Amino acid sequence: MKVGFIGLGAMGSAMASNLVAAGYQLTVWNRSDAAIEKLVSLGAKAVRTPDRAAQGDVLHSMLANDHAVREVLLDGGVLDAMDPGTVHVNHATISVALARQLQEEHARRGLAYVAAPVFGRPDVAAAGKLNMLVAGPSAAIEKTTPLLQAMAGKLWPMGEAPERANVVKLAGNFMIVTAIESMAEASTLARAYGVGAAEFIELMTSTLFASPVYQGYGKAMAEQRFTPPGFALPLGLKDVMLAQEAGFAEQVPLPLAGVLRDSLLEALADGAEGMDLSALARVSARRANLDQRSKD
Amino acid sequence: MKVGFIGLGAMGSAMASNLVAAGYQLTVWNRSDAAIEKLVSLGAKAVRTPDRAAQGDVLHSMLANDHAVREVLLDGGVLDAMDPGTVHVNHATISVALARQLQEEHARRGLAYVAAPVFGRPDVAAAGKLNMLVAGPSAAIEKTTPLLQAMAGKLWPMGEAPERANVVKLAGNFMIVTAIESMAEASTLARAYGVGAAEFIELMTSTLFASPVYQGYGKAMAEQRFTPPGFALPLGLKDVMLAQEAGFAEQVPLPLAGVLRDSLLEALADGAEGMDLSALARVSARRANLDQRSKD
Amino acid sequence: MKVGFIGLGAMGSAMASNLVAAGYQLTVWNRSDAAIEKLVSLGAKAVRTPDRAAQGDVLHSMLANDHAVREVLLDGGVLDAMDPGTVHVNHATISVALARQLQEEHARRGLAYVAAPVFGRPDVAAAGKLNMLVAGPSAAIEKTTPLLQAMAGKLWPMGEAPERANVVKLAGNFMIVTAIESMAEASTLARAYGVGAAEFIELMTSTLFASPVYQGYGKAMAEQRFTPPGFALPLGLKDVMLAQEAGFAEQVPLPLAGVLRDSLLEALADGAEGMDLSALARVSARRANLDQRSKD
Amino acid sequence: MKVGFIGLGAMGSAMASNLVAAGYQLTVWNRSDAAIEKLVSLGAKAVRTPDRAAQGDVLHSMLANDHAVREVLLDGGVLDAMDPGTVHVNHATISVALARQLQEEHARRGLAYVAAPVFGRPDVAAAGKLNMLVAGPSAAIEKTTPLLQAMAGKLWPMGEAPERANVVKLAGNFMIVTAIESMAEASTLARAYGVGAAEFIELMTSTLFASPVYQGYGKAMAEQRFTPPGFALPLGLKDVMLAQEAGFAEQVPLPLAGVLRDSLLEALADGAEGMDLSALARVSARRANLDQRSKD
């Protein structure tokens, strides 16, 4: 089976590596060259234009956002270059509006479209342990399951409509940002009473909230170590806004998302563009003017 | 050492039982008789008035809320009846305003005051595995540590000011309610796109949010089983409002708490008084008018 | 008719002056002496204790808040000192909880209780042009109407239950604070695009929002003149919280009030304790970090 | 001077009529024919394609939203058909993103671009009393001022950057929707205490809030008359979202806008698509479950 892979950022590179490691003959393309070398050294074949990566049986793509997906796959002519019957597996976190459009664009060209966004950071991707949401036509999913299994710790089937996988990804990221804002506000309250943030977070994340999300972001918050970003704050805002758009499209109010949006925006206005989502703690602390007090 | 215990609700009863089991000579009092029998059968001694439970070396109390604490301990004369030097360990979830007042009331009478609120439900209390926050004068804490260890899986020292333990308890409960509202909104969004609530929650609580709080309330939400309540919705609202009061007292804005308060109030207005906190899912679904659609 | 007046702050003093000017024989009391002199010079009689001001046919009171009302009227024994049949007209902005309690306390003592909170600042009070909400037993209202008319530009009957007048006062103040926050956020948005706050506010308050509230607070905001306060920011927060309490008591969610509460709290944390409500503009500007930009 | 006018909805039609009445030679185009007849009967000349309306010295356009502006002016080739030096005055309420794009598109073609959005309903437009915000190159504004004065009661200069007029329009509409939500919440609170909505709104809008916005929407709310819409609820949501986008682009948090968005979305989910913005009162009442009580 000939397989293509477009988009070799931190995530895409780790995922593609696992396909090569599983023995697949992989053709790869990336906008910049840096990431390609590593894949080539592992045995992948590099091509100069993305449409050439789309000439096989299956194309995987892991592009950064709606804009990149539109630019490369639609405007860049990749879909136009694919043979009918080819399967495209899109791993990107995109809007449900684009998900719906992509479904139509593939159908019109006789292409099979599978949405397979993932939960997990680059190190989880490298270990092949991603949680992967999978939605699309069952025949296409069946055909690509071995590929997906080479990259994921677990596959979560979400039915035939690709947008379902996308909305679940957005809903999950919305829950992640809420969890972080919740720790930010709660630890600010504790600090105002003289309880150290590290102390408070240690307690919470080793008892009630002993789960990866709380522990990961909680640690960064406790140590006030906001760079380099694990999950960059502007990307978190982007995902919250995509969740709001998905809510708008189906008339679902999301009151928590409104709070998150404003806190994230306030963080950006205060210079957190290059920081991790855990920098939401800075916003809470500033609102309470904690640093001007002698506490904590 | 003579030990008293006031307040034998589901939590207090389980905690007191562990003191008896650890070999302490326990004198107990409760407003209603029902709960007393069990303790007496285990070996505790029952008294008719709460002040008589306060005649020993240490008094534990686990009363329902600010009102009950004021009524029994302050207005009811229990503190007035205690000998100077006696230690009072208060396990209740109370406001920081009352925590501050109690500290003064004890100090004025020469009594030692320890705040020791707990995280955990009655079954955890029965197993002696509570997470217990402990704040107060170090001598008093040292003296009572064996008692506390008989009831708790782990003690979390919070310094000398009792209010610190109380604010941490409130901050923790605020995080719990936020987590539930977050699942409610996110699963409503997923449902609007045809993804079942159970399916969505199973995914989230076995991956990113694999922690007790999400799993417990998530299960109730997935099964739409809101009675009998594990954590009664009106009590959740009470705790969110206590967190807001604590925020007000120290000028700490808590934007998420504002959202929680309104969602909980809306739940109550819709008849959820006897339901579990997970009934927040009903509010989200009603806002999106999910039940009038043909989805999920 | 013998009339008493308790509470001679800026508002009470102006109102009492109008009663004297209308020819009533007025007995006055105030906690501090300063305000009394002016009334005495106009012809009122000063007494040393508040209960003595309550010996006539009608007692008016204009105390600062719940605490002052409880302290002077309930704990201070004023109600206990009043003869059955006496009418008490309470002009203070108080909680509906206290309104309900006062109704009971008066009924138990055979006293007639009228709630008559007002809209208007001291200068409006001095001009006798207050808008006065009036609720209570019709006989008592009939008896006191000439007195009320001496102080008010217009009386707004609100039925027999005193709490109705109080909740309308709170709902009105909630609308006032919302209007101010709305101008604060909107003018911050305009400023971020290079439109001056004064320019924007001039436009809005001379067209769509050409009403006293917008014009008054808008002017202060445009001139960034936040002291001395017309409506002190901490009092605005108090009233928003009373509106929230009133909402809680009858299960009415007030999402806007949650936003107001947090913005006001943030203002206080940033040192606005002695400022006017229009200082909400500082909070909006700080969130957007406007002063660190070169705009406006 | 030859003048064109594109977009003859209720607003555009009234505005164009005033240009004809002022003696201008007007060439008009509209997507549907209905509105054209009236203008022709007044003396305007109708053309079959929009580019032909753009052949004069000045082109006015009053299209419904971003989509219509893009479709007609950009994709439809109108700008491409205009001669260098022609002035285009855009009266539509559009996003600041599109405002910025339009500025570039005009500059690239050597066209002068003036943004001139308006406040006022069709009846105000018909009376020539609109408040018109005007931003653009001073020469173009000078040239078109007589035209603008024929349509507006007052011109409000906003500088050279067209986007400034657009953001002020959005900020103003954001204030309008906030005012309506504020009345909705406040009157729901009053109703829960037995005060009629009409009674409450009459009080507020004849005293503190005696301005057009409150009086207009307040009347609809008091009478629970939500159709036909004066300001259609979905358009209000659109404008709130445009204000949020404008806030996002310049990192300005707008906490009130988050509340508005969710209330409007909840209204839509409950079937208010064809209703007026004042139907926000239905949402507040439903949240408090007012209709299931026996009150009001």
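Letters are used for the chains, namely A, B, C and D, taken in the order the chains are written, and counting of residues starts over at 1 for each.
Everything below uses one rule, namely that a residue touches a chain if its C-beta (ideal position, glycine included) is under 8 Å from a C-beta of that chain, and two chains touch if they have at least 3 such contacts.
Since the model is a prediction, treat every value here as computed from it, not as a measurement.
Novice: How many hops, at fewest, get you from chain A to chain D via touching chains?
Specialist: Minimal hop count between chain A and chain D: 1.
Novice: So, comparing C-alpha centroids, which chain is the farthest one from chain D?
Specialist: If we average the C-alpha coordinates per chain, B ends up farthest from chain D.
Novice: With chain centres taken as the means of their Cα atoms, state the distance from chain B to chain C in Å.
Specialist: 38
Novice: Per the centroid of Cα atoms for each chain, what is the distance between chain A and chain C, given in Å?
Specialist: Averaging C-alpha atoms per chain gives centres 52 Å apart.
Novice: Which residues does chain C have that touch at least 2 chains other than itself?
Specialist: Touching at least two other chains: 247, 251-255, 257-259, 262-263, 266, 269, 287-289.
Novice: Taking the complex as given, what residues does chain D use to touch chain A?
Specialist: That would be residues 241, 244, 247-248, 251-255, 257-259, 261-263, 265-266, 268-269 of chain D.
Novice: Would you pull the chain C residues touching chain A in the complex into a rising list?
Specialist: Per the stated touch rule, the residues are 255, 262, 266, 269-271, 287-289.
Novice: Under the definition above, what is the set of chain A residues touching chain B in their complex?
Specialist: Against chain B, the touching part of chain A is residues 96, 119, 131, 133, 154, 156, 158-159, 161, 163-164, 167-168, 170-172, 174-176, 178-179, 181-183, 185-190, 192-195, 199-200, 203-204, 207-214, 243, 246-247, 250-259, 262-263, 284, 287-289.
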